[in-house]
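Following are the structures in question.
Look for chain A in each of the two complexes below; its partner is chain B in the first and chain C in the second.
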Partner chain A sequence: MHVLVVMILLALTSGVAAADRDLQPADFDTQVMPILTKAGCNAGACHGAAAGRGGFQLSLYGSRPQSDFAEITLALEGRRINHRNALDSLLLMKPTEQVSHEGGTRLDSDGADFKLLSRWITEGAKRSGSAGRRELADFRLKAEASQLSLGQTIQLSATATFSDGAQRDVLPWTVFKPDDPSAVEISDAGKLTVSRIGRHVVVARYLNQVVALELLVPETPVLIQTRTTQKADSIDEFVDARLQRLGIVAAAAATNAELIRRLSIDLTGRLPLPDQVEPFVRDGSLSAHVDELLQSDAFVDYWTHHLAELFRVPDLRSNRPAANAYFMWLRKCVADDVSFQDMARQLVLAEGAVAEYGPASFYAVVGDPRSQAEFLSSVFLGVRMQCANCHDHPLDAWTQDDYHGLAAIFAGIKRGAVIQATTSGQVIHPATGDPAIVRIPGVDRSLDDGDPRVALTDWLTSDQNPYFAKAIVNRIWSHLMGRGLVEPVDDLRSTNPATHPELLNWLAEDFVEHGYRIRHTVRQICLSAAYRRSSRSSSANPTAEKFYAVGAVKPLTPAVLLDAVCDVTGVRGILTNPDSRAISLAGLTEKSESLDLLGRCQTADCGVAASRSGELPVQLHLLNGELLNERLRDPNGALMQAVAAKKSWRQIVNGFYLRSYSRRPSVAEAEFWDKQFSAVDGGADATTLVEDFLWSLLSSEEFRNSR
Partner chain B sequence: MNFIGRQLALVLVAAFCAETLSDEVAPAPITCLVISGDGQTVISGSQQGITLRDWEQLAVQRRLPISFHQLHDLCLSPDESMLAVAGGNPAEHATVAMFSWPQLQLMWTKSFSEDVVYSIAFDATGTQLAAGGHDHSVSVMNGMNGDLLHVLNGHSKPVTGVAYLPGGELLLSCSIDQTIRVWNTANGTLARSLTNHTRAVNQVVPGKRDDGTPVLAVSVGDDRTVRFWQPTIGRMVRFKRLDAPVTTVAWSVDGGRVFAGTQDQRLIAVEVQTLQTTVLDVPPDGWIHCLAVHPLQSKLVIGTSNGTVRKIAISE
Partner chain C sequence: MLQHNLMHQPSHGMSRRGVLQLGQLTALGVGLSQLPMSLGAASKPATAKNCILIWLDGGPSHLETFDLKPAAPVEVRGPLNAIQTSVFGVSLSECLPGLAQRMSDIAVIRSMTSPLGEHNLGAHYLLTGYRPSPVLQYPSFHAVANQQLGNVAGALPNNIAIPEYRVGGAGFDGTGVLPSRFGAFSVGGDPAKKDYRVRDLIPPDGLTLDRIDRRRSFAEKLATLNSSAAPSQSLANAFEIVTSPAARTAFDLDDESPATRGRYGSKSVGQSCLMARRLVERGVHFVTVNQRGWDTHENLYTRLKEGYTGAKVGVGLIPSLDLAVSALIDDLKQSGLLDETLVVVMGEFGRTPKINTLGGRDHWPRVFSVALAGGGVKGGQVIGASDSVGESPADRPVTPSDLVCTIYSLLGIDPAAVLKTEDGRPVRLAADDASVVQELLS
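Our next item is the complex of A and B:
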């Protein structure tokens, strides 16, 4: 009876959820730690930083309760806990700012959390032994609705299930982080309100588990049937379903003129030739044209360029023989349509002379085992594992053991002119100071003796690997559609969900079923209605492009833009070999002021975010630089040759519109140029005008972008 | 006797010899221990204050509360006429107090700094007292009245240990900043830094040599090492890596061994010359925060984070 009265009184006075408060004594792992996390004590900006803060170091978001317990209660002879008078404990005095605290006030000294911490100290500041320790088994976050209207408020609930079978409401200790805090507001009581249409993701953390919650706010409460011009295929079923839920109307299909330019740039990195354009505009077969492009040498050249950036060929610019071998191996893989699975196997298991055996340079482009682990996880898993170097990944399942265990797999790699796998070498685990144990990320089993790369490769390229296929299809999708289903493309994790998770799964499964062939997935995407949509949309919905309701306007990459300028003007000469294209190996590795000015990638991030040419320096270079002017005036260039051939102004205008935009000028444009050219009558003014004409085309937004 | 047999015998001997006494007031960590020169009294410090125990039974004879929150260190003057205690209130002030010994009459008390003192040491004459603390500095005080003589700045993180070398010309300090610093006591200048530790250094203790050979000092740290130094020339002589971070260390009476307490609740004897180790079995009872070797018997006492003072037999 007395116990019951005390419990009721405590519930009335403390406000702590009764179910969680009744643990006697208070539990460090599941009651104290969540308070510290909720208060932000163990956040990366505070004591959760790798080096701690103010001499007090906690694991990031409480991922290592054992070390946190020691730091709080034992370090520096227990300075943070006062057993004589709990309220004099530094652990309570700092966050309530009874003594100076750089982090400000983090706890209310009248609040339930303060009282629970105080009680825990009074009870001896203990941690349960491993036998009886309560651990978090499951954490669920629920919303009253996943689709809501603008301004609507819904209630969130957070429930934890512990190893003792108990289920608790842990909403008060759940940390919420919306992807757009300016649009999503969450009160302490878990009331969520969204003030912007579209898709929002809220990441919730309780103890060491993080979950993501997706919320959709349609433009209008009534669902609208999307309008597509072609029969939907599988990709479109997923995309259209999403659009329907969001109430977004899809744009009409792009014109054939737009589509041939888009396809040619996306698949070959080149503008379509004028004599290809008009037949396709008249009655071209899309699938036949896509197949033709997929089988072209230009496709091989361009997708080799893509893979070369992904696999960091530019990092070998000081070792041309190695760069050449690496690049040519990639080119052969693309030309032969080698499965991406086989490519990964050859790369990860590579050994040999880098100047002779291309895949060996997979180990030459980075300098140490940790960098190798990060490189591999980025290109093949699409994940950013580097966070786990210093601490368990705060937003993913990767632990420090995973990171350093993966790095340890590469500890025996001897780098130099010859890549050699040996059994020597160690990677020191910073948390233990001991050599890290080789480990496949997320897999709790020891590896057999021998080259651990074999087991890694088996796991990596397994059909069941949850990352491998998704990572590459997401990159392909990003290239063709303007943005990845997961962005950034190297940040696949449960707390960064895809805009279309089912589509990503489907694409990955389809990729696996079709032998990990890049061409197959490229074809699938290019034939979808989503890919064919016009980039011109009447929809004012700001999220329309994000959900592929309209075609993306994609700035040309520096290499593609430069090649396009050269192709239209008929003047090359940007590299040592005047015939070399910017997307060639030379374009990746040779010095080129133009490429650098246009924003050629020169770092390890090349494969992550291919640089695009829409930025201010690029525009200034095009508007004012010699790149265009020299080519316009070149007597051997296409423009001056046309003038010398005494072609009519109209022929010149039509011809360069087709070369540059893959279309003829509109009526208004034709009238404009007629008027301009009629006003001059040969001579110097006419030459200047014709240069101005082509300059205006090449410096226009339409030219610099793929629509 | 095979290896297992020897370990079993050690366990049995240690268990037989271990006599324990929990602090019955509250389980505050025992942070410091001193045994009087006659070997009759064990003086311990904790948040509860100063506790005197008789050696034989470790029975509490007297408790003396303190006026501040944390008591981190205590030491007897060389002539054992004074007992200095040090600590303070975390994030508020450091306090050093001097008591007459054995009367325990308060002689003076000084509060300074903005955070606690973790370690104090008398010089050989008993006229100077060094105090190293959380504010990264070492304060050198007049032992008779607490007046501040020097403040030694140089550590970049809290100072966890201070100790004078025999002769008193040099003072050692160790720190969480992974260094040991050697100071000239005459003018407070830095003589040298010893930088081999790779994590926090938790204690540094000079040995006592009266045979003319260079004095060795031992240091222990979170890098799991026990390191031996010739601090007068700054040379690390040798080191032994243990299995867990080492929290405290003390020399044997004959200087041939050191005893190291670890975070994994073990007490390990390390031979100075050979670095051979012997694990002294101690029942798990929290971190060993401090230890003191009996001057006359082959025993030592340890103080733990669980508030236990335990007597341990050590083989010759």
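Our next item is the complex of A and C:
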């Protein structure tokens, strides 16, 4: 029996050596590890979990070959490797289920991978051969085409280049993960077929490298024309090129009447004033109007509200002086059009009393160095660094050293009434158990003595930082266009590519060139044809909205909706100070059942996924709650004042249409209301009728959305 | 396909569970000849029409509730003792004496397993049967059942959450790709508070039924005149519930005797279960009772058992749950509704085998327990087992996909049926690799 096995092994070894000339003996890091990754051994659900599985622990997707090598060859008294008889090694018997294996059969005992593993063991299970350690230098994934038609099959190829210069087809060890497995099928031989139109992303992993591949599948085959020489608005050039490749026809431009409401809500969080509407509809200049809005106090109020949510002012609700200083500092930055680069510098380098010096609260809204690292990564880099807390980020380049090194930069921060940067304090790196070494994410350079935040800030706000500008322009784009070029907006990474990567680059460069000014980018977007499209869809293509072929229908945020209700009814009083708007500091920090019910975010990272209390509670609140009912019948409110002033029904109807919808009633609507009002002749009946009239406007979908 | 390959294949066959079941049956005086001979045989028609989910938000410790390890070292065993139940050989936590007494109606799965140890992700998996995906939000099984079985609850919403459907943190509303009308209606507030009323259910003074009807007609007219704004189904629901007296009384706990209210316990979970029972009696099919606070990273003894430090009679999460579920099972049984009402008690994952330095346990999805009763579930059994320290499944692993698939089967919904999303994407109700836990079906 033993003789037979040895003979087979000899045969195998010689056979493999002929086909695989590059390394002899087999190399652990670049030949054995890819097999384990492909077989799923080091996935998070198996031995790649932080605590391993079944007593066998590998690094997630093989990010730490050294410890994996030790785990396989030395741990468990070396029982995983049998040097005398390779085939009796647990490393081979488990995945082929010759002994019971909870993970089932992972390897075919006749396959090439099994043979290579057994050869590696026979050769002595060495980390590397005589040529020394070899690393992966480059991994490339190619598709025959990036644009394909429905049902078409294309061939993928995957090539690795190693540190010794060797190149190799690594398709068999590449793990593919399409974002939509029901639409994209990839065979073991690397044949890819797409069964749904639109844009698809496939993430491919080989060893510790991940790359994303984008595929476009138009509804009907389109002819790709060469770029027109006529230069359009730059944003539109990028957006239109994508639409063309996807064969999607864009909607017509929105009318001025639609645009004035959209612009006003997006830029100032308010409905247009009734007397602004008709002049603009008649002969308004878009760019003049956008400029006017950009210079208004209302713009400052509303964008301060945005930034206050982003920088977590609501988390200071139990420390009003700090919240106030933080909020007012943000407001001053918006009012003075301070560059976002300067804002970041002041925030990251802040020290001082939180009640007096606003930026210091950048350190008061979180409680410890690790949360600080996550918070900073999220707001300034648009990156979810938290994955790298327990293991290297599985879908990005961030390592555990990056995460804990960044956290270590904040280890000396003393939090309290006064924020102080000291040199004491440390962050323990969980993999080593030692204090983590301060480190700028992704930068292999030791930091000078002194406050490490200085070097961090220089790196963060450098024009060359690939994340800083993109993260903020993507947020601005998302606010105005209804969805980010990268979604979610805090998840920028190569494996989550933008729908329009060149556009995102262009916006970021344009932002940097124009001094990191938020107003500039807002203006650029608002003047684009993409922003100005009608929200009435002309295309049945399900991806039309994602590619900005139609204007987005955006629900008013809870605060904006509440302010709009107050403005139309002329009755405020939703917060302790009856004059406060919901977008003010009080609206972010005070209790308000209406705001919560409408979906105000109540947790730290709600900017990303605001919770919804469901539609029915909102509808019940609009119908029975005091929010509308009290405001409709308030004798000092706009409605009862109009009644008291003995305005005609028609004037009341027209007036409130203009206030609520920024338009006049259509002929059919005017007729309908005429009929209703002519059926009552004054008195109490008329009062309740007029209340119910305005109630129906304010609870309608048209009112509650920006379109 | 790729994902499928990476999944663990559960192993089937007669196992320790089978032996356990045999023990129970003889204890109950059932002869050997009556043993179900084939676990894979076609099941009887589904009897469940309703499903009450008691969601233990935050992730309940399996080691303090349904899967105690009295023989394990103290750092695993934890502070609570095991007690015998009415079913021979099955023990539960000392804090679950009521359920222990009713064990013959209850099935416990001790080998639930999932790889997702984060609240949002875990909740998504348990409630939808799918791991979260970047391309679509899967709907919860309640929303799916609501959509599949149709709304026949009259004016009341067919899917109600008490007090809120906010589970596993923010970001998951349970409706997924289904239209929002199939999602849960959250009643809000705390039913255990004196004079509790569902928020905004009763119209204010002066808003008469005639006026409500008029508002309704105006809203409908505006929607039809304005082609860009479709009429809202939830607005129609709001009008219906507000104008139905029966709907209003359904939520009125003062309608119950003090003795009944007392049996359910004074805590929110108890009064919520009482409300769930009233709703099911009135034709509501799907109710979620959301008990918060199970994320016991610290001070587990106080939070799970005592309620406050030094309490003579424990009023913590587990005793409160015990009173609530016991009373619910009793009342459903009494009214004959238990056979057609499936009760599921679960959270998003279990807790770490070892007690941490803060006297708590952290997230642990690799093995945890779920309890079920009624609705055609075969009670008095334990399915699967964890290993000696409650770390991994030792036998008969059951995934959340399998569990959701089983819930669909119990409700008479074909798990292989396919939903179409608004943009035409097909979504199978239960995941491809899910299989029914046949042992649960009686």
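We take it that the second predicted complex is superposed on the first by the 650 of 707 C-alpha atoms of A that agree within 3 Å, B and C clash if a C-alpha of one lies under 4 Å from a C-alpha of the other, contacts with A are read in each partner's own complex, and residues count from 1 in each chain.
Note that a residue touches a chain if its C-beta (ideal position, glycine included) is under 8 Å from a C-beta of that chain, and two chains touch if they have at least 3 such contacts.
Being a predicted model, the structure only gives us computed values, none of them experimental.
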Does the superposition put A:88 against chain B (first), chain C (second), both, or neither?
first
Thinking of the overlay built on chain A, is A:625 touched by chain B (first), by chain C (second), by both, or by neither?
second
Is A:433 touching anything from chain B or chain C once the two structures are fitted on A? First, second, both or neither.
first
I'd like to know which partner A:70 touches here: chain B for first, chain C for second, both or neither.
first
Chain A contact check, chain B vs chain C, more residues touched by chain C
Between chain B and chain C, whom does A:79 touch in the aligned arrangement: first, second, both, or neither?
first
Would you check which partner chain A:666 touches, where first means chain B only, second means chain C only, and both and neither mean what they say?
second
State whether A:185 touches chain B only (first), chain C only (second), both chains, or neither.
second
Check the residue A:469 against both partner chains and state whether it touches chain B (first), chain C (second), both, or neither.
neither
Between chain B and chain C, whom does A:322 touch in the aligned arrangement: first, second, both, or neither?
neither
The intersection of the chain A residues contacting chain B with those contacting chain C is none
Which residues of chain B touch chain A in their complex?
26-29, 31, 47-48, 69-70, 72, 89-92, 116, 118, 134, 157-158, 160, 176, 198-199, 223-224, 263, 286-287, 289, 305, 307
Give every residue of chain C touching chain A within the complex, in rising order.
1-3, 5-6, 8-9, 115, 133-136, 157, 164-166, 169-171, 173, 180-181, 183-186, 188, 199-204, 206-207, 211-212, 214-215, 218-219, 221-223, 225-226, 228-230, 232, 234-235, 237-239, 241-242, 366, 392, 422-427
Enumerate the contact residues on chain A facing chain B in the complex.
55, 70, 73-74, 76-80, 82-85, 88, 90, 93-94, 99-100, 124, 433
Within the complex, which stretch of chain A touches chain C?
40, 43-45, 49, 53-54, 102-104, 175-177, 179-183, 185-186, 196, 496, 535-536, 542, 597, 601-603, 606, 608-626, 629, 633, 666, 668-669, 672, 676, 688-689, 692-693, 695-697, 699-702, 705, 707
